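Each chain carries a letter (A, B, C and D) given by its place in the written order, and its residues are counted from 1.
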Amino acid sequence: MSKTVTYTVRVEFGDCDPAGIVWFPNFFRWIDAASRHFFTANGVPRWAETADTLGVIGTPLVDTHTRFVATASYGDTLDIAVTVKEWRGSSFVQSYRVTRGDTLILECEEVRIFAGRREGGGIRAVPAPDEIRRLCE
Amino acid sequence: MSKTVTYTVRVEFGDCDPAGIVWFPNFFRWIDAASRHFFTANGVPRWAETADTLGVIGTPLVDTHTRFVATASYGDTLDIAVTVKEWRGSSFVQSYRVTRGDTLILECEEVRIFAGRREGGGIRAVPAPDEIRRLCE
Amino acid sequence: MSKTVTYTVRVEFGDCDPAGIVWFPNFFRWIDAASRHFFTANGVPRWAETADTLGVIGTPLVDTHTRFVATASYGDTLDIAVTVKEWRGSSFVQSYRVTRGDTLILECEEVRIFAGRREGGGIRAVPAPDEIRRLCE
Amino acid sequence: MSKTVTYTVRVEFGDCDPAGIVWFPNFFRWIDAASRHFFTANGVPRWAETADTLGVIGTPLVDTHTRFVATASYGDTLDIAVTVKEWRGSSFVQSYRVTRGDTLILECEEVRIFAGRREGGGIRAVPAPDEIRRLCE
């Protein structure tokens, strides 16, 4: 396990669909921001910097499993509690619990990789830098 | 099983992130559009109409499991093959295969419900209308 | 003139395009949120409520003129200062100044209307409710 | 003047807000895609390529004036007619007319620049390459 970091989101009118509830791809926008926030809150520099220093340009997603429990709407404030459940070579399991007060909105578990640039374009998985892992544990 | 319907997407510059690849929440925008396209291509009217006639205002997501296999970038054309793998009372399993030519980009399997309006706001699951199911099989 | 309200935004990785800078439609997402925040910060209830009490379902945009002065990137914190420069019957001029510290990022001036539902679907302009205007001045 | 190119958009459920109409920042997503489509349809290679060959990484927006005339909703098909009204050194005026059949939805006029990378990060304006201009006229 690692530290747990909370990322807070205000739900806006434009995040909601004609049914008046959050359109689900927007949850993934916030989860992606929360994923990165986890690293920056733990002291990992922005990817533009680690691209040069550690060869890591980001942590793209390879697998996500999300369970939606309750809806949210504009005016809501959501807390996203983020942690890394498992470190695996060049990948890791990151999990999210989104709540509005005591109400669980969704749970999400992802596999992400540490990505570097591949010669000729595109990306490739690189081993988790010790420095990043140490900051987050 | 049900019919399979293909929804085609052009990847645009703004769909891509600073790493130059599609930012993953955008895949969920397209998957959601493909989900609804599956119904309209099979003759199901828009939800604003079925809200009045069948009491269904949409098919919100309750669970999604997605496996990202290859990246995509702007200029790419993606085909999203959609089907319903299983009908279950008021929910159903919808699956997606996103490809660029012969290259598999991602696979996604969702559970969605048929939703109606709940008294006092919010939504509730309603049984799959026979008419909708018949059109899709 | 009216009160000035500031809405603060964190720029995230996914808000940026392959050039590494904020993709401009995202500025409009934030401006729209700031527009509504102006009203809620001044005590105007959410539109779902005013739809019933005042017949106003929102303030859709009819004209926007925006001048982009400097770029922004992820990790930036942006302040959006919002005011209403002019009230005109059923429309109003809302203006925005987006800054990062002392750096001006953009200036935007919009015309918006107060909208109610039209019989048979769609929306129509309605006179600015005195109550809303009084709260904002 | 230059050629006129049409870019076609399907409006999806998730493009619409709780009032059931297109949330306006989505129009800018489409306009940005239409802007680039204008160039690719006229034979200009993708920016990742022109970055190397012509030093142009994209055409960021510096000014936009948009007038919204009618609303649109999901199920609609919109045509965006794009042209370049004026070439000015390192900037140009690009205009858009968005229609649904005979109905005008919005008109937009933008100033954009040809951008190259600046030493040390960020972007700078570069003169319009003759080759790009010739392809578009």
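Convention: a contact is a pair of C-beta atoms (placed from the backbone, for glycine too) under 8 Å apart; a residue touches a chain by one contact, two chains touch by 3 or more.
The structure presented is a predicted model; accordingly, all values stated were derived computationally and were not measured.
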{"item": "Equivalent of B-C within the choices A-C, A-D or A-B, defined by over half of its residue contact pairs recurring", "value": "A-D"}
{"item": "Most remote chain, CA-based centroid, reference being chain C", "value": "B"}
{"item": "CA centroid of chain B to CA centroid of chain D, Å", "value": "28"}
{"item": "Separation of mean Cα positions, chain D and chain C [Å, integer]", "value": "23"}
{"item": "Centre-of-Cα separation between chain D and chain A, whole angstrom", "value": "31"}
{"item": "Two or more partner chains touched - positions in chain D", "value": "13-14, 17-20, 23, 25, 29, 32, 47-48, 58, 74, 121"}
{"item": "Contact set on chain B toward chain D in their complex", "value": "10, 12-14, 20, 29, 32-33, 36, 40, 46-48, 58, 73-75"}
{"item": "Touching residues on chain B, where the partner in the complex is chain A", "value": "17-21, 23-26, 28-29, 32, 47-48, 57-58, 60-68, 71, 115, 121-123"}
{"item": "Chain A residues touching chain D - in the complex, by the definition given at the top", "value": "13-14, 16-20, 23, 25, 48, 74, 121"}
